[in-house]
Each structure stands twice: as C-alpha cells, then as structure tokens.
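So, here come the structures, one by one.
Below are two complexes that have subunit A in common, paired first with subunit B and then with subunit C.
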Partner chain A sequence: MMKRIIYLAMAAVIPLASVFTVKADETCMSPYIAKITGQEDYVYVWTLGVEGIGDEQDKLVTIDANPSSDTYGTVVNVLSVGGRNEAHHSGLSDDRKYLWAGGLDTNQIFIFDIHSDPRTPTLHKVITDFTDKSGGLVGPHTFYALPGRMLVTALSNNVDHGGRTGMAEYNNAGEFIATHWMPTDSDLRGATKSGQFADGYGYDVRVKADMNVMLTSSFTGWSNYMMDFGQMLQDGAAMQRFGNTMIVWDMHARQPKKVLDVPGTPLEIRCAWDPSNRYCFTSTALTSQIWLIYEDDQGEWQAKAVADIGDPSSIPLPVDISITSDDKGLWVDTFLEGKARYYDISDPHAPKQVYEKVIGKQINMVSQSWDGKRVYFSSSLLGNWDKLGDDDEQYVKLYHWDGEQLDHKWTVDFYAEGLGRAHQMRFGSYALYGKINPNTKLAKIDEIKVNGGLN
Partner chain B sequence: MWYKSRFLSFGCSVGGVLCLLVAVQTFSNTSGVLESDQNFDASQAFGPGDVKEGYESEEYRTHSRSLLERRGVKQDLIRYVEDPPLGLPQVVLPEENPITRKKIDLGRKLFFDRRLSINNTLSCAVCHIPEQGFTNNEISTAVGVEGRSVLRNAPTLFNIAYQEHLFLDGREISLENQVWQPITARNEMAAPSIGYVIKKIRKIQDYDGLFEAAFDSRGPDIATIGFALASYQRTLLSGNSPFDRWFYGGQIDAISESAKNGFEVFSGKGQCIVCHRVQEDHALFVDHDFHNTGIGFAVSTGKSSATDNLTTRVQLAPGIFADVPNQTILSVSRNRNTNDLGLYRITENPNDRWKFRTQTLRNIALTAPYMHNGQFNTLKEVIQFYNEGGIPNELLSPFIRPLNLSESEISDLEEFLLTLTGSNVPDLVADAFAAEIGDIGTEDPKWPHKNTLGF
Partner chain C sequence: MKSVRVRQILLVFVLSLSCTAALVHSASRGPGWGELSYEPPAAGTYQLPVIMSATNGVVLKDDHSTANLFDLMSDRIVFLSFIFTRCSDVNGCPLANAVLYKVQSRINQRPELAKDVALLSISFDPEFDTPEIISALKKSFQRGVVDWEFLTTDNQSNLQPILDGYGQFAVRPHDEHGVQMDEYVHLLRVYLIDKKRHVRNIYSVSFLHPDILMNDLETLLLESQLE
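Here is the complex of A and B:
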C-alpha cells in the first residue's frame, strides 16, 4: 500500500556563495500595479481575530515602516471588520488605491481605501455575495490585479467544501464579471491534460504578462483548510484531498491551455521579471520541493522539481516564497521550522540554498522591499493550523538583508498588542499618491519613486 | 440453500437475548432499473465528484467531475413516504406533522441554506452531502463553523425516518426536535439562538410566503422550521436494493452467489444480523439499540494504535508518504478532547460508557468512512475489526467476539454489503442537486455590517 517513502534526494545546504547583488522588489505584485521603489511608509497586515485576544475579530493592522517617523516599528492604526472570516491574503488594485482582503471562511471580501489617508485606512466596500455571484466559489484567496480588473482565486466550493473550484473576475468597482472554472477531467475547458492529474483545485495566480501566460496552482478545500491541522494530518481521507496540479492559461482569453502535474500541493507562484527569463517558481507544501514552471526550447510549458527544501521527509512545510527583482534569489519560508531560506536561483534549473535563519517558532509570509534590503516576515498560516502554546508566536518582524545575512530590526508582537494572528503584509506609501509623509522628520520626496505599468 | 426457501425462520440467542426472527417472503418484483430521470447522469449519485480511488498509488489518475455538471432534476419525494421502496416498512408520521409536498419543498430549501449558520457558511447539506451518501466521504469527523472539530462522523440521512434515537448517542427523540441541535451547536452551525434563526429567516426575502403556504398561514417559528426540515429528511427513503429484490422480491439473480454466501455469513457465523436486523417483511439493518465496540474506549483511554507509535504515516501526494513524528502532529493539534463516552453522556449510567447507536447498513457502500468516529475508510477494515472481536474492555458488547472468518468469508461478506445500495439513490441525489443552495446575496440583509436583523 505504501508505495514509497519520500526521502531527501538533494543536498539541503550549500555553503555560502559569494555576495549577491540583490535589487529585490515587491516581487509578488502584479506587473500592472504601481510599485513603491523607495522606502515604504506602512505595512498593512491582514490579521486574523482570535478568541480571547482583544476584540476577537479580523482586522487590518497598520504598522509604521518609515524609519524617519517617530512611530517607526509600531502599530499606528487598527481597523476591525467584524467576524473571524479566516483572514488570509490581500491584494492591491492596479491603481494601488485600494486593498482587497478576503476571508477564506466567510467568503467576504473587504475593500480598504488606503489612498485617502495611508496611515488610517478605511473600509470602502464589503462584498458579501462572492459565493452567490460566482456560482458557488468558496474561499477567496489571491487578489491579483489586471488592468481594470481584480482576479480572485478561490479554494473551494459551496456543494461539498472540497477542492474543486475556480477564479472570479471583478472590475475595480467591486462588481462581479465572470467565473473561470479550473479544468477537470470531465471538462478540461479546452486544456490539455499533460499528465495524470486534472483535479480542478485552485490556490494562487500569477502572470507572465510579456508572454500572455497566466499560471494557477492548487491547495485544498474548506473542510481541510478550516480543520484542526493535527486532526487533518491523522485523517487519511482528508490527506487525499490536496492539489497536485498547475494550470497554464492564456492570460488575455482566460483560457486554460495545459494542466501540469505538480504533485505535493503547489502554493505560491513567483514569476521571473526579466522578459528573457521564461519561467516561474512554486514550492510544494507537502513534498517540500521547489518546482520550476518553464517554457522549453519547443515553446511548451513544463514543470519539474529542481530542489528540495530542507528535509522533505520531516515536512518542513514551505508556505511562502519571494523572488528578487533580478531573478537571482528566492526566499522560502518553512512554517513548521520557523525558518527562512535563501536560494541562489541564477540557474533556475538548479537552485542552491545559500543561507538560512530561524525567524520564530513558526513563520508564514515573507515580503521584501523594492531594493531587497528590507525583508518582513509574519507568523500565521491558518487559524486552525498555527502552533499551540508558547510556540504560537504571532508577529511581524523586520530584518535588513545585506546579501549575506539577515539583521533583526524590530518585532511587533501581535498577541502582546491584543491584535491576533498576523498574516499577509502589503506596503503603503504617501508618494504613490503624490503626497508627502507628514509623519517623517525628513521627508525625502526624491528618494521615493513611483513606477507604474509594466516593469 | 436455506435462503432460497419461501419462508424460513430461525432464532438465535446471544447473551440470553432472543435476537432475531427472519422470514423470507417473496413479493412481486420491481423493475430493478434505476428510477432516475434520464436527464440526470446517475453515476454522479454514487460518490464524490472529486474521485480519489487509488490515491495511495503513484499510478493514481484523477477522474474529477466538473461542478457545472452537478445539475439535478426535482423529484416528487412524497411518493417514497406514501409507498416506501421494497424492503422498507411504512413510515410512522407524527400526528402533529403530517407530510405535504409544500413542507418537503420548504424543508429542502432550509436543508441547503448556508445562511442558517451564524456566518452563512454551513448548511445541513455541507456535512450531509447528497452524492456522498448524505454523509461526508472526504473527512473522518465533521468540521463545523470556523473549523471547529466535531467528535463524530456525520451519519447518513438515508432512512433516517425510521430511527427511534437520533444522534449516535441517541439524545433526541424526533426529527422535529433534532434539527435545532446542529443549527445551534457551537461546533456545528453555531447560530446563537433559535430566535436568531427565526428572525433571520423572516428577513430573507426568498422565504416570503413559503412557511405561510406550507403551514396554514403560520410563519417561521420553532415548530414550523422543525416540521419542514423533518419532512424533507423523512423522504430520504432508500430501498429496492439488489438485496431487497433478491430477498424480498424473489429475483434469484439480483445478487451474486458470492453475495448470497456473504448473507449467510452475515446471518450465521458472523452474527452481524444480531444488531443489523432483517425482519420478515423489511430490513432496516438496525436494532434501535446501543453497543460498545471498544473504539470509544480505546480513544478515551489512549489505547488506540496511533498512540502506540512514535510516528504517524501521512500521505503527501499520490504514492508519497512520510512518517511524521507524533510530537510534530501534537504541536499543531488544538486542545481537542477526543473523549467520546457515547450513550453515557445522556444517561450518566456507567454501564453505558462508549455505547453508540447501531447504524444502518443500507447504502453502506456510499457512506464511508465508517464507525462513529470515521476511523475506517473501507468495508474490509470494518469487517476485519469485527472479525478480530473489537477492542476488549469491561463493557464490550457481548455480541462482539472473534469470528474466525476466512478470507473468502470476509470477501463474501463485503460483497453482500455492496448489494445494499438502493435503486432510488440517483433520484434522491438528482432531487438534491436541483435544490438551490442558499448563499448570502445582495438582497439579503448584510448583518455583519448593518443592524438589519434588529438585535
């Protein structure tokens, strides 16, 4: 019955390589979003409410990230939204005036105005009928801006709370446009099933705009992502319900073209920025590998495992990755180890780990600044998957990265502050809106550059 | 062979209890053909659309169905109550709740309405999924609001009309009463009160006039909501299985020789029939009683096999497993009390510890995973468990002892159990698929953000 036990096949740790030229950026963003190329003023943290902590509900927490400000490294605003919605991911509109944030449980989408007063976001609109309008999608996950549009991937559905799902498309006014279902065996929707799997699962979405390519990945359904993690690991039926696919789409047509086998639950997708680099990366959460999704010499999109992450047999659980803007480096966070790893991906077919550091007793998201010098980490994976007791650290931490090592600058303890579980981080800046940060002693406008459109 | 006799009776005495009188009576045969509407693909009725058969192997291939194909055809369900399928007795209806089509329709609407939960995420149908045997094949134990753990496997609702005791610990006496517990249980649908649900339904426009039409101008209240939900569930009668057609219908070739041998094991050496009873003119495969198999005891006393090991084998992908240290699993397990004392919780009689209600075997092929905590994924595992005599404890049912069944007897017994799938399952599922799923829409009061509920 047990066909094989996974084993460590690739070297886990490579000695430190030479110093990297890390330019880094907000590399998980859509290329259609205006970027903060200088110092970010704020980090917006989409935060899960926790019973017994503060007001117990989900909230958008604003942390002052500008070192010139008197309140640098502290929480300057808290906006509670009502309910524990399983706050998870958030994404910026193409004009970067609004932050869309979803609840994986309640399917509500909260649209925050972050431009009128970047220090004090307000709740602009709440979409409550995501499931009804989309024809049954559950678990709004990734919010990914295309011109005038917001793509919202889902994780589940309203009929069996399993993993079959799709993507919803909204306009910037928050009006539903269409649902794009993931291909399944019975309806491949014009795609080619290239291997053994066409599970219909969903998770993340990213584009290689210059190639008119969109990629999606696959996780699991509501029953699993809402379930107690320990309970799920012991539930054989539940563990069979994780995604093993990625889909290559025609971006403009929203047409699935090819279903790729990527066994072991491919999560975050990060695409190379250089148009000549015709590939993206993902990491598989359960099998702990870095996968390269690339266009081969014949113009065909392929997927292959290119590196192990730690010791896969111990399930370190890679959860978030972040690529540098020069396509040379990749941060990888492993939840169970609380560890951040840095890979040299100069050769995308053979990533090499060159650095690692334990950030906390658990870790989830990583966000780096445009210049790559500032790397923020947060702690929470899912409300019922986070660790317990003293291991349940909830934080946002800032480190400075000099190309060789991470240097801790500050920590905001989200439990001590009565906030909850810190999940995804997005950056805010006055300069995006032609404003000067009134809170800085020395506002240097010329160091803050706004660069819109394709980069 | 004895089972070919037109009439045959036998008795058995176990523990001094006269356990059975079986008579085989031949009725006029029914068509034996699936009764489903030709516009409904009947194969959808027999398991999750996300097919995981063979997932243990690296040779696994998906056969997933598109959610868009999940379209049904409304049926006239009252016919099953008026004239139960072959093998089932007449339904005893409560005097205060005679069944009508309008009540059934209203009950169906409530059954699939996720708005009845506090955060609009769970309906009855999320745990009792029609194509999954009106249970959930995809997880061992149910998951409630905000992912809260439920101790037990969701029981099937097929033939629930005949149950004298509701819930696996038997704590309710009627379907009309029972419906309120999942709706208000904190770890299920978590509605804060009965009044809250009534008020909410009154505010949802698509219920306007439906209660009044079904209940002689009476609106939604504690009784009418229970009446309607009970009426729908009472129609989920499933019989006329191959077994019924053979045993009660006299259709000699309705089941295989192996299944016939299996029934002989079931009735004789295996003594399954002691608790899963077969009567002269009908078979519910229950004894309306409670028994201690040892499973509850083992969990409560830490004597389950899982706790004997240092690791737990966890599946990561098709054909890929890892032995995960139990310490790791504990680090992400909520403080979940898995103790379940069963009937004792109701009676507080120490002799009732770890007793659970006998579950029906009808449609058993569709209702995996098995046992009160869903710990077995296959019928073979269940048979093997009983063949070994359950788990010894001071209160082990006297009916459970080592059976010494041979491999062929086990195989035959399983074959017999597979003949218990009712012919009208596709009809019941087609009807369920036709039901509208109640998700919060733009017309509904936006209770998270406006005080439209009046609280």
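Here is the complex of A and C:
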C-alpha cells in the first residue's frame, strides 16, 4: 500500500529521532524548509542545454518518481528557458512553492512555479540583474532557503572573474535584500584568520540552526569553471586559483567569525541533523579527503581531514556528498571514477568506507529520500568539465538502498531523450500543497501532521 | 449554538493551559520554550536589512469591529504572528503565543518600551476563530501595558491577501475522499515590522526565542534613534 505521510517543517534544533517519526525528502536541504516524507511524486532536474541535443536550451526536466503512476520513471514535462546559461544548482523556497535555479555563466536566476501544477512547472520569474544588484557577484550557485528568503552563494566576481565572491540574499518574491562578502586577507570583516588562508572564495552554504552557525566553502572563479577542463589542468596559474577555506559565520548577524584552512577545495557541506552532533562534513575535490568541521570541547570551531576518498593520488575528484537522516552514513560521489561510495560516519572523527559501486562513466549529484531507501544520481559536473565522447554519459538513475547494496531501478538517458546534461535534482509532491496526486492509482493521504517539527 | 460557542471558548482556555504547561516540559521542543544554547549577537551590533514591505488588510477585532492592519500598527514596531486556535502542534501556534507572551513580560518590565511596540496575532482560521474565540485568547495572554491584539477576518477573501502578502504558507489539505480537513498545514512564521512598515526579520521555530526577538527589537529602536 502506498504510504504518503507528509510533514511540514522540521529541522535541527532538537534530537530529531525522539521527536519525528517521519522526516524530509532530501537529507541535505535547509532546516527552515517545508519537508515531505514518504514517496516523492516528482524529481525536478535542472539540466544544461547542449549543442546538437534537442532544442539545445537549458531546461527544467520533470521525472515521474511515484511508482504508483503509469508514467513512473519517465520524463513527463520539459520546460526550456530560452538559451544556455551554464545551468548548475537549484534550490526550493522555504514553502516549496518555487524552485530557484541558476546559470553560472549568464548570472540569470530562474524561478519556477512548482506548486500550481507540480507535474507541469511554469517559469514564474527571471532575475537578470544578479550581478548589478549584488554589487559584483558572479556565478549564482547554491540556493538555500531561509524563512521568507533565499540565500544565494556566488562563485566569482565581475572585476577579475576569479574566486573572490560572496552571497546575496533575496526575499521570496525575488527582490534583492543584501550582499554578504567573504572575508579576505585585505578585509577580514571582523573574522579571525586561523591558518594560512583567507582567500575570499565561495561555493556552498549550510546552517546549523540550533547553533546559530552558518558555514561556507570555497571553489574557484568564472575564469576556471568556464575553462576547458583539460586545458585548465595544464595551466599552472589556473590551478593555483582554487579555494582553501571554509568560513564560520554568526548566522543571525550574517557576520563572519572564523576562517578555517581546508586546503584542496572544499565543496558541498552537509551538517548533522541531531543537535547533539555539533559538526558538518565536506569533501575536498583536489585532495580527495573527507573533512570534519566541528565544535571542539572548548567551543571553538575546527577543521580536520578524517578520511581519504579512494586513492587521492589518482585524483578521483569527489563532488557531491549526502548525509543520512540519522547522521550515520555519508554518500560520496567521485566524478572521474563514476563511483558512489558509502561511509559509516558513526564516529565522525573516523569515517569508514563500507560500500562502493560504479554508477556510470561519470557522476556528480546524489539525492536521497529521508529514509535513505531511494538514492538518485545524476551525471553532469560542468559543461566544459564533463567527459568527452562515449564517456560523456548523461543520466538520472534511481537505485534502492537496503543498507548493504544499491539496486538499480531505472535510468533516464538525457542524451537519448534529447534533453542535455543532467545536474541538480529536487523532489516535489502534491501533498505539500494539500493536493492528491491525480496520476496515481492508489492516491491517498494516510496521515498529515501539522507543523510536525522545527524549522 | 450558545453551547457550541462555550465549548469553543473552553477549548481556547485548554489550549492556553497546555501552552503554559509546555513552558515547563521544554525538552525536545523548540528553543523558544526554554533557554537558548548560544549567546545571540548583542542588540545594535548587526544589521536587519529590509526584507519587504508589510501588507495592509482588513481584520476583525475581538469586539467585532473592523480595522486596517496598518492602523493597528500605528507608528510602532510590530511583532506579527499568524496562528489558529485549533493548532495542536507544540512547536506551532502555541510556541508563537508563548514566545510573544515572554516578550510581552519583558516589555512590561521596561514600560518605557511599550509605546513603541505592538503585538498582533492574526488567525488564519476565520471559520472557527470568531471574535468570541480570539477575545478569549486575548484574555488568556494579554497582560500589562503592552498592546497585544488578537485578530481574525470576516472571511477567506479578506484573509488570503494578507497571507499572500506576508508569504504565510497555510493550506487545509483534503483527505482521500476529497473532503477538506479541519487542520491546517502551515509553517510557523513570526514577522518583525519596523515603524516604516518594512518587514525586518521573519522568524521560524528554530530561532523564535524571546532573547532574539528582544535584541532585534532593541536593534531597531537604536537604529531609529540614530535617524
């Protein structure tokens, strides 16, 4: 029997396991966001347009993810946006009515209405003045919901197109609020530099709401992420322009407090959900390590490498990571190997790899359901960094995870379907809006809990 | 009909009592029920940029009179919450009421602040939350010199523009038979509005705490002194 148990609101302030019987769809989203549990109805895939493939435009692809639907595992809607922007990441608003998606090259931000008809999203608004309004930010990357607002990290700036950057804050209507620049050696903005670096680079953001802590990581600027991957690897100067820092912020004040050395380009940040677990993880792309960012016994935030990912000397290039809802497991994708690894992080200071599987010839993003039983993978990293020729597989794949192995369920081939390069995946559900999925044979809401948690 | 109203009002008092009880049993609840686990930034040491303009609307007061929200805000800093009395989640509307109750208590201890502050709690369940119900709620919570108004609306058409304006997400889902359920699914949100009717903060469960609200209030008061 199909179970579709929905809870709105959850998060990170109190021990979740003792409070919530069901949780969110993804385990890596903002703690302030409305959450679904149980079976997601759709996966929205922000997709890069590719020359010679379909209409060659960036697009939002909707895949039916409900096994009770006749169109399960197939593309049910394609919404092109009229050009190519280096489509990359996307994020849901706190009420999940809208999906924000960015173009790293054109700096455009596309806001899709996914609540009026979850099966058929529409383009609600396009923000075209991101760089002007923010005072020079380039490359809108992470879209992270705050109450009534969206925090948008950037990767670059419009002066030198390097890695110096910041974050822009918008309200849910898409109106600019403020810019928060990363601290640098020349302007620490009140932060303490704890090590060798204060590069001012940016990438991802996550909030430990129960601790009033925000963490940001660091990647590289427009001049690198738009460069051909092979050419960049041969360019010694370009290879020096990668981030080596993470920043600990006072969330409420949006004030940078401490600059941590995390050499090797720390990318995705995933924080423990249990408030008693006062730490987050990241992986370093260039040095292939898992790093723990944690509060020590003296209340000081520290960073340390806690595990290797594969053989770092072979440069597996770890990309996306995903923490389980019980804080005990971490998925780690390595782009060049096309491989997903699962780490036991019960001891966060000593993660242990317990499983690995090759998913494809290349791999980037991973999204799992809250119960961890469904794990979705996608293929594209960046338009100019994806593999070439036959190795340039583009897909979204669903696997079921039983705690010991991944069991393949379906693949959507994004080239065969004329779509493009599959990047970020976000989940949708009718139940979030008080609706019943009209396309399922057993449509039924079994239980609804009002405001069932913290957010 | 009268007995129904009596039962409804009794329910409000029960909810009020459960709210008080929840203050005691604060483990595994939102931080607003107890002590913050961190020191929030001090008042005046940070900025609260304008998020959006506040929204006006026609509301019903507990004495059945109608009023404009902006008139009720007057020239004051406002904490605005959206609630409904049938809300049973301890981290939902009861938390909003409890935190604003604590804010009210602190302002009562500093009565010089009272003229600059208003608390407004609007029901998004006008079908159940009649003026009689919100009047009972007001009697349960309003204390001292602080102006804390509990409000409802005539109907959904008056309410919806207010909810839309503030972005307060609240829906009444349907069951499998297509019947609309009594409960609302909503995200708890409380809004801080300055004297110029700009929204300056939007609180969720995870940081809806009287220490934070008071610091934000004082930050805006310090800001207005500098203007």
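As a working rule, the second predicted complex is superposed on the first by the 422 of 455 C-alpha atoms of A that agree within 3 Å, B and C clash if a C-alpha of one lies under 4 Å from a C-alpha of the other, contacts with A are read in each partner's own complex, and residues count from 1 in each chain.
Quick note on the criterion: contacts are C-beta pairs under 8 Å (C-beta built on N, C-alpha and C of every residue); 3 or more make two chains touch, one makes a residue touch a chain.
Quick caveat: nothing in here was measured; it's all calculated off a predicted structure.
Touch criterion not met for A:Arg206: it reaches neither subunit B nor subunit C. Once the two complexes are overlaid on the shared chain, A:Thr106 sits against subunit B while remaining clear of subunit C.
Of the two partner chains placed by superposition, only subunit C is touched by A:Arg149; subunit B is not.
By the touch criterion defined above, A:His89 lies against neither subunit B nor subunit C after alignment on the C-alpha atoms of chain A. In the superposition on chain A, the chain among subunit B and subunit C reaching more residues of subunit A is B.
Judged by the touch definition given at the top, the superposed model places A:Arg341 against neither subunit B nor subunit C. In the superposed pair of complexes, A:His180 makes contact with neither subunit B nor subunit C.
On subunit A, the surface patch touched by subunit B in one complex and by subunit C in the other comprises residues 6.
Those residues of subunit A whose C-beta lies close enough to touch subunit B in the complex are 1-6, 82-86, 105-108, 126, 128-129, 131-133, 136, 157-164, 181, 184-187, 196-200, 221-231, 233-242, 244, 263-265, 284, 286-287, 312-315, 336, 383-388, 391. Of all residues in subunit B, only 48-50, 52, 55-70, 114, 119-121, 125-126, 129, 131-132, 136-141, 143, 146-147, 149, 306, 312-325, 328-336, 368-369, 374, 377, 437, 439-442, 444, 446, 448-449 touch subunit A in the complex they form. Subunit C meets subunit A in the complex at residues 28-31, 37-38, 40-41, 45-47, 49-52, 87-89, 91-92, 166-167, 169, 171-176, 178, 181, 183-189, 199, 202-207, 212. Taken together, the subunit A residues at the contact with subunit C in this complex read 6, 8-9, 11-15, 18-19, 31-32, 34, 94-95, 97, 146-149, 169, 171-173, 175, 177-178, 209-212, 250, 252-255, 275, 431, 433-436, 443-445, 448-455.
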